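Paired with chain B in one complex and with chain C in the other, chain A is shared by the two complexes that follow.
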Partner chain A sequence: MSRVFVASVGLVPIGDQWHKSISDLMVEAALKALDKCPWAKPDRIIVGNMFSGASSSQEHLGALLASCLGLKGVPAFKVEAACGSGGVAVHEGYVAVKAGLADVALVVGVEKMKDILTPQATKALAMAEHADYTQVVGTTFISLNALIMRYYMEKYGVTREEMAAFPIIAHKNAVTAPHAQFKRAITLQDVLNSPMISDPIRLLDSSPAGDGAAAVLLVSERYASKENLVEIIASEVANNYFLVVEREDPLFLEATYIALKRALDKTGLKITDIDFFEIHDAFTITAALSLETMGLSERGKAPRDALNGKFELNGEFPISTFGGLKARGHPVGATGVYQVAEAYLQLTDQAGPNQVKGAKYGLTHNFGALDITTAVHILKRVG
Partner chain B sequence: MSRVFVASVGLVPIGDQWHKSISDLMVEAALKALDKCPWAKPDRIIVGNMFSGASSSQEHLGALLASCLGLKGVPAFKVEAACGSGGVAVHEGYVAVKAGLADVALVVGVEKMKDILTPQATKALAMAEHADYTQVVGTTFISLNALIMRYYMEKYGVTREEMAAFPIIAHKNAVTAPHAQFKRAITLQDVLNSPMISDPIRLLDSSPAGDGAAAVLLVSERYASKENLVEIIASEVANNYFLVVEREDPLFLEATYIALKRALDKTGLKITDIDFFEIHDAFTITAALSLETMGLSERGKAPRDALNGKFELNGEFPISTFGGLKARGHPVGATGVYQVAEAYLQLTDQAGPNQVKGAKYGLTHNFGALDITTAVHILKRVG
Partner chain C sequence: MIPIAFWRNRRRYYNLIGNKCKSCGKEYYPPVHICKKCGSKDLVDWEMPKEGKVISYTILLEPAEEFKPYAPIYLGLIELTNGVKVIGMLTDVRKEDIRIGMKVRATLRKLTEDRDGGQIFYGYKFVPVE
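Our next item is the complex of A and B:
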């Protein structure tokens, strides 16, 4: 069993990329990562993506990327787990390197969301939910989260103003993030005045649609002497029951809890040993539930903790250090790879103004639908 | 590194399954496999599928299956590599068990092709080819194979009648295959009189559209003392250049060659040590090219060898022992799993009238598009 390191990353700025096809985006991210490691020739390629078929009439992304890079004879394929596709793709790269079946695994997450109209994108995203039980009653992914948010606010007596703390933090961090979709700060009034999407979720409670691709190059311990490595010391994936109504407590993210517990158990770390957290803040409510499930806030208290500065870049538990899903952007199948790449930047002191000073451990947390499939990674500074 | 065994399989008969959703199909195959091993609780689930989004508005199949089976906390996701999705899914299950990260990996391949109309299915299948270069000029997957078939027949002076040997063998073997889509023999005249689809490919040169699901339960050496095990002694995946025009020799399947060579090298076997071959006979031409690339026939000679009985069930190198893609059926993302399941049946003497007597080694060969992504498995009888 080999140790597994991130050797380099490549990030395509997220936004409207009308002029680039899905293969263009994959190749751009891959080359950015590969150019930094001329010694590394990928012997495995894994692409995380959710709906390239619906957006681009294109499947077979793994071999497509390999071929575009001029590679032949490489195991290459796509991994899909809805919005958790990127995190699971990193996990599968990790597994192959750990098993000694790959020395250099190139993992790319990609999604094109802006080539299709909003109703089509909404329909594509709904494929993360059960066609026979959820889609069929007209529930969209956002209306599902709206029900959860309303329940949360009522159960814990949390105000609309308090909830807004999360998008405000995310946008603040994105201002200086080169690859972020929205490099601008927002105020409480901006959130409260933004259009209602699905009551109580407003526009600024929601992660945006965007085109993007991110790459991470994973290498085995054969390359442990190379510079600028970050070690992946845990990679865990877990599922939860598909339908929220099947869950004992819809406000507790059980897949997150299980994956996190396994990751902490295997590394011997406590959650408080982690220096920053790239969480799955697809909506304001998912940020709150994630932090509470992880034990970083008491139940019902995450928004107030956020208001009090606990999750700021210079706070006790920095989150979404480059803007998170809310402001860095959320090209769904790519997001989990962006998160691991961002953790790499933090742990090699390449985060610029977004640097979490002296960070030694970083955690990424990426899920599909509402915590149906969750991937948790813990990364560690080397040296 | 653990050894990897197939402990049981589950096969859904292929055909028109209008009354079953994609989750119904997955669950049926999975339960058939799990029921035979009450001692086995999956700790990893991998689903091979190509276009559930296009056919069923459903992604997130891994967690969907896990949830339908009442499982929580399991790593579960979908793997996609066009028509090679099933073979790659088995490979990923193999990797996880080999790495010691799973003791019981449930691998299910599934595809629903009959809920959508033929033009939609043709469009969905074309997603295996490059959207920017192949789809855009109106090439369908079948017209691409037609060009290759014409080139092959002209180059080697092979007649239309000789080519027909392959579908005739496939249909003959399917007659007694319980899960086959077409349990009927066909004659040379049937092939020659069948409708022209894309000259020179006729209807009976083409694998059919069908709904199906297959499951294989992979277990680690922790369960090596269980009965009815078959060992997977090689699992290799390789890619070839995406566009056929990029290839030096369009009649040589380089991904197949590379994956096969690695599998043989790792096991120390010669190709002639293998007792039967589940090949990717999606079209008559792909059967011929596969056998020639594997070295079982000289270039341009496979159809004549077929006519001479070399590939019959009782011949020197039996192929498509339950009817292959042509007659057992080809629910695309499921096919690679059907093949491994069939090899399991052969190597545990459960193949009934289709049994290859005394078979010790079996090979499965599954590719996406025309050998863009190829998965090769070698399975070995235990005891």
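Our next item is the complex of A and C:
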């Protein structure tokens, strides 16, 4: 089996991209990555996307992208795992290269969220949950997270103010991230005064809607002598029971736990060997649950650890180094690809002011709905 | 809301009918095809107890299109007396009176209606019991 390397990445700034179509976004990200490696000709294309049908009346994205790039004869297709589509797309590219079925796998994550109105986007996002048993009783994806957030705060006696530590860190890191949707810092008062969406979730507890696309070019060991490579040393995907209410402990992210454990076991690493963590902070609550499930905080302690600086860029375990889902943005099906691209920038010292100095290992963590499908990647600096 | 999908499951929504494993006795709502505890495929439809308590809740100000006319809606995470957890709307209660630990009972109510076809969708909601 081949080793798998990231050879280049391409990032489209996230936000309102009214003047670009979903194919424009995909092509822009793909070309940014391909132009850096003129020697690379993709022999596999994977597109991660959640709801192009609802947002753009467009499916069949794999072949669409291949065709737009002037390619014929390439195995090219879309993979979907709700908000985890991007992480799963990277995994599919990894599998193809690892197995020797591809030497150059182009992975693109894309989502077009701003061509449709908020109620339509809300409806599309709710499809990540069990349609027959969550949508019918009026539950949206945000309200589901709100139920879990209150449950968590109640169980561990965590205050509203403490929870706000996570969006504050995310926004602070996004200030200097060129591709971030919100390049501005926020204060505790900003969080507490932001509009309520689903009590206790306020606007600034929730990742924003935005258009975006990111690309990573994965290559086999045939190209191991090329410059600026980063190795993917683990790529794991796991599922959890579909409904949060079916789970023994709704505050423990079992898919995350299983995927992470497999990744660590296969690489022989400990979680404390990892230098930075791109976590799935779609909501304030998912940041806390992710860090606790990963063992970076004790149960119920992640918000206090965050307040004490543990997860800052210069802290013990830096998270969301370019702003995470909260502030870099969360174009759902593209997010997992943005994370891997950001880990690549860190491990090739191209992160500018966001650089985690001397980072050797980076971890990305991306899930669909609330940890129903979870993809974990560990990347390693080469040389 | 897809009318035929709703119609297909209507008995389940009206009376909280899930199922029960005939082999190990574990109860489920929604129903499952295979018992998650013992792996048995031998399950029988089973009505959930109607009483439970609120273990979490939210006031949703921006519901999906179908529920917009009723915003804000109150949603509860309810633990039924058999230990099964379900999510449902809370009704006949003022928002300031909703409490964790509050005892509730499932009752049949209108959930929403199809503004094009005129179909009314009924299902369970939870009301406080004193």
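Keep this in mind: the second predicted complex is superposed on the first by the 383 of 383 C-alpha atoms of A that agree within 3 Å, B and C clash if a C-alpha of one lies under 4 Å from a C-alpha of the other, contacts with A are read in each partner's own complex, and residues count from 1 in each chain.
Basically, a contact is a pair of C-beta atoms (placed from the backbone, for glycine too) under 8 Å apart; a residue touches a chain by one contact, two chains touch by 3 or more.
Keep in mind that what you see is a predicted model, and the values were worked out from it rather than measured.
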{"item": "First, second, both or neither for A:Ala131, with chain B first and chain C second", "value": "both"}
{"item": "Partner chain in contact with A:Ile148 - chain B first, chain C second, else both or neither", "value": "second"}
{"item": "Touched partner set for A:Lys123, first chain B, second chain C, both or neither", "value": "both"}
{"item": "Contacts of A:Met196 with chain B and chain C, given as first, second, both or neither", "value": "second"}
{"item": "Chain B versus chain C as contact partner of A:Glu246, first or second or both or neither", "value": "both"}
{"item": "Chain B versus chain C as contact partner of A:Val237, first or second or both or neither", "value": "first"}
{"item": "Contact residues of chain A, present in both the chain B and the chain C interface", "value": "123, 126, 130-132, 135, 241, 243, 246"}
{"item": "Complex interface listing, chain C residues touching chain A", "value": "1-2, 5-6, 9, 13, 28, 30, 36, 55-68, 70, 73, 75-77, 84-89, 100, 111-112, 121, 123-124"}
{"item": "Residues on chain B engaged by chain A in the complex (per definition of touch)", "value": "1, 21-23, 45, 50-51, 53-54, 56-64, 66-68, 71-82, 84-85, 88, 91-92, 95-96, 98-101, 123-124, 126-132, 135, 236-243, 246, 254-255, 258, 368-369, 372-373"}
{"item": "Interfacial residue positions of chain A with respect to chain C in the complex", "value": "118-120, 122-123, 126, 130-140, 142-144, 146-148, 150-151, 154, 196-201, 241, 243, 245-246, 250"}
